[in-house]
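As written, the chains take the letters A, B, C and D, and residue 1 is the first residue of each chain.
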């Protein structure tokens, strides 16, 4: 049994587990769930975790302009970051540019690659985060590689994808085998549902565990201290994401 | 006839004539005469000339740290700068590092090359300024090239030496012929004195003019408004350099 | 000290920008010179090469929708939580503008190269991406200090103008940007910064040790115009929030050309009134 | 907010620096951590690789004279209007230290490369100089965007520590440097900044829009110690002038080893007294 919780509260909890122990976590634009997860991680770190929320005035210590996030990542002072994608394939390539038609005149154009083509290479723990779990998103091969999941030998690449979190499940990524492995399926969903909605092959254990639900203490923390903190940057999210 | 003036007042006047029309003039460390000449140029420019005096708080508009002088020069936003040298040769090579013995264990070590190896390449009007005019300074060939007077074809070099001012005379430098030409000899000195004290060959017209002395208005300006301005950075110089 | 000749009206500022100019603009949280952008649209500027530093939103979408842009160099164009940039997306679909897709740090690094007067910057990452494939103006070179180590080289970006909005300027033409340091880099990297400010102030910021660290010296500034609420409907940090109602309306309406024109007129209204 | 664990005593700060460390120090007008330097000498640090950003004076001369330095990487070592740096010059004559002669913008650029996490910087100039001949660690590469255009490549300088003196730090360990921006670059480029300040202040500078632009965030700071008059006998901008009498005395006396020891003792006196 357990407390009632929203899907977003579950996802925050899942992401926060992946962030444990990180010294410095940054969250890009339009990333309320990763942002809340980072703030939760910080709240539990006894002062050891720093969080940078782009677009926040309070949770952003940079004083050297927009370049500082990238510089600090290039120096190895950023431990975790989040990327998404209009398309993500089984090699962990991500596409933030567009689909359909011929680039650059795509039928569907997305905003662009932002920092992905750089941060994916230099941040040790990149968590792929995309709520929508459909074959539209999780494709056999992306139409445009904003940033590749793995690199050839010899390419400077201290960083890369480590996990993938969606509305349905949590995956790990193994850059040596260039494959995702299903780690757990979220409560209320099934392995079949994940298979049906994923356009690429992935590994999975014989028995796939259920993603642990947030415990009561976590929910209290989220609804107590984290909610007003994330509201500074994402007021509408803070209104709707949390139960109670 | 003519007003009484100090040698330093003469040199300030000579340098200021060379600076006329410059939009932005910078002066490095330990350069009180170039500094005063730059300030005089600015005073006469009707607001068109900017002056940066390194080490000054008032005449230094930089807000991006010590690199800004070099960045601004690299961008072409600095029109004139001054360099000296423990040794200067007839190819306008300068040595700010040392002499005697074998580098790096020279018998006489000077401070080092500072920004010369860069600014000599990118600042359109570099004025070589060295008060001491002896064969010890003006040598046939420098022992160490901190910065070369000219560069091979193909080397990016929008800047370089244009003039040389000493206690005895004013020279121009022609980078195509890689030679100095004697322009004028300061009042009280002779061409023979210049020849005797210069260790390299240079060109000269049949009749070498005398360097014009500062006029009364210039002297009034120097002693009136420029003296307190340069005193901010060079108090001891301001006490002794000016007559009356 | 007398007023610097660089201090001028909004229209005079807009008149500094010729057709075909390369203009760098900041990201939405950093001070968008929207009033100046509308003045540019009003005077009918054409064929701009817009460089977003590193991403952009409504400002670029308005300029594109109004037919002012030939090239969009960017790491991202979006209205953020209001959705995609409708005129940008449509212009791409129809092939009406050229896009130079980049990644944020590549734009920063290429501007920093210009700031330093070096011909190119190098940057980690990018290798193996389709960005690289589609940027023949980028190169891959060898790290001379490590055998077999390839790195991307990016030619310096030297905009004709950096265009942004800042809290204040002084009568000498120095601009206070506070901690929004990307505006400093943009100003250094460009031939000239043209800036709107919430307010003009007497004195010289460089004489104040608390203001100097956040000040762009006037040598980099080609023009300054006072424009109160000059970033609206975009937010100005520390001053006013984004105009939520307008943004919702725009995201919806600008999907069609007619709807876009209506929204643009809405923005132009106050300026027209002020000009009459 | 409680006091950051990075705030410590001068001796604790000096103890952070192991023998053989690579340390970046600023130029004299930018805030010299002289009290910390004396603490380093007192604890007998050895084999430092000192990088001056870009030139240095008394600080390096003291460390060299006290036998703490193995390598001096610099664009200039001088006591300025007081003359040459006697211990530096003597150590070179005797071959007691290794010198890496550079030019100012090369040191800045190599630190900026470290700040960005790129393996090298490029810089105009330098070609044809004897600096280049004597720096086998530098390289000459081709500009990939212009046939036949050579440019110097400089490997990134990543010091273990940036060591400098600043006006103030807050209880979170953020350091306010005002417009002395080279300290920001030094801090970013180094593994950690270790900093002395004239005063510790309550609060957090990053919350103050006037202080934030001139503040180094604590993430770059490995240690902060309060040291009033911590730059003396060198000047501290906006606070106190150089100790003219000491500098004249030093320039004269330090020509001999015995004279140097006397002058060093003179500087150590107040610290010894404070420590007892």
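Basically, a residue touches a chain if its C-beta (ideal position, glycine included) is under 8 Å from a C-beta of that chain, and two chains touch if they have at least 3 such contacts.
If you're wondering where the values come from, they're calculated on a predicted model, not measured in any experiment.
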Moving step by step through touching chains, the smallest count that connects chain A to chain D is 1
Touching both chain A and chain C we find D
Report the chain whose CA-based centre is farthest from the CA-based centre of chain C. B
Please work out which of B-C and B-D is bridged by more C-beta pairs in contact, and write that pair. B-D
Rounded Å distance, chain B centre to chain C centre (Cα mean): 41
Distance in whole angstrom between the CA centres of chain A and chain B is 59
Distance between chain centroids, defined by C-alpha means - chain B, chain D (Å): 29
Between the Cα centroids of chain C and chain D the separation in whole angstrom comes to 37
If I count partner chains per residue in chain B, which residues reach a count of at least 2? 62-64, 70, 74, 122
By residue number and range, which residues of chain D touch two or more other chains? 109, 112, 116-118, 123-124, 149, 151, 179, 181, 184, 212-214
Graph class of chain-chain contacts, one of line, ring, star, complete, other: other
Chains touch one another in the pairs A-C, A-D, B-C, B-D, C-D
Hey, which residues of chain D end up touching chain A in the complex? 114-118, 174, 184, 188, 206, 212-219
Hey, which residues of chain A end up touching chain D in the complex? 24, 50, 61-64, 70-77, 122
Listed in rising order, chain C residues that touch chain A in their complex are 26-27, 29-30, 53-55, 74-78, 80-81, 84-85, 88-89, 92-95, 98-99, 101-106, 108-109, 112, 123-131, 134, 148-151, 179-185, 237
Listed in rising order, chain A residues that touch chain C in their complex are 29-30, 55, 57, 62-68, 70, 74, 96-98, 101, 103-107, 109-122, 144-148, 151-152, 154-156, 236
Mind pulling up the chain C residues that touch chain D in the complex? 109, 112, 116-124, 139, 141-146, 149, 151, 153, 155, 177-179, 181, 209-214, 238
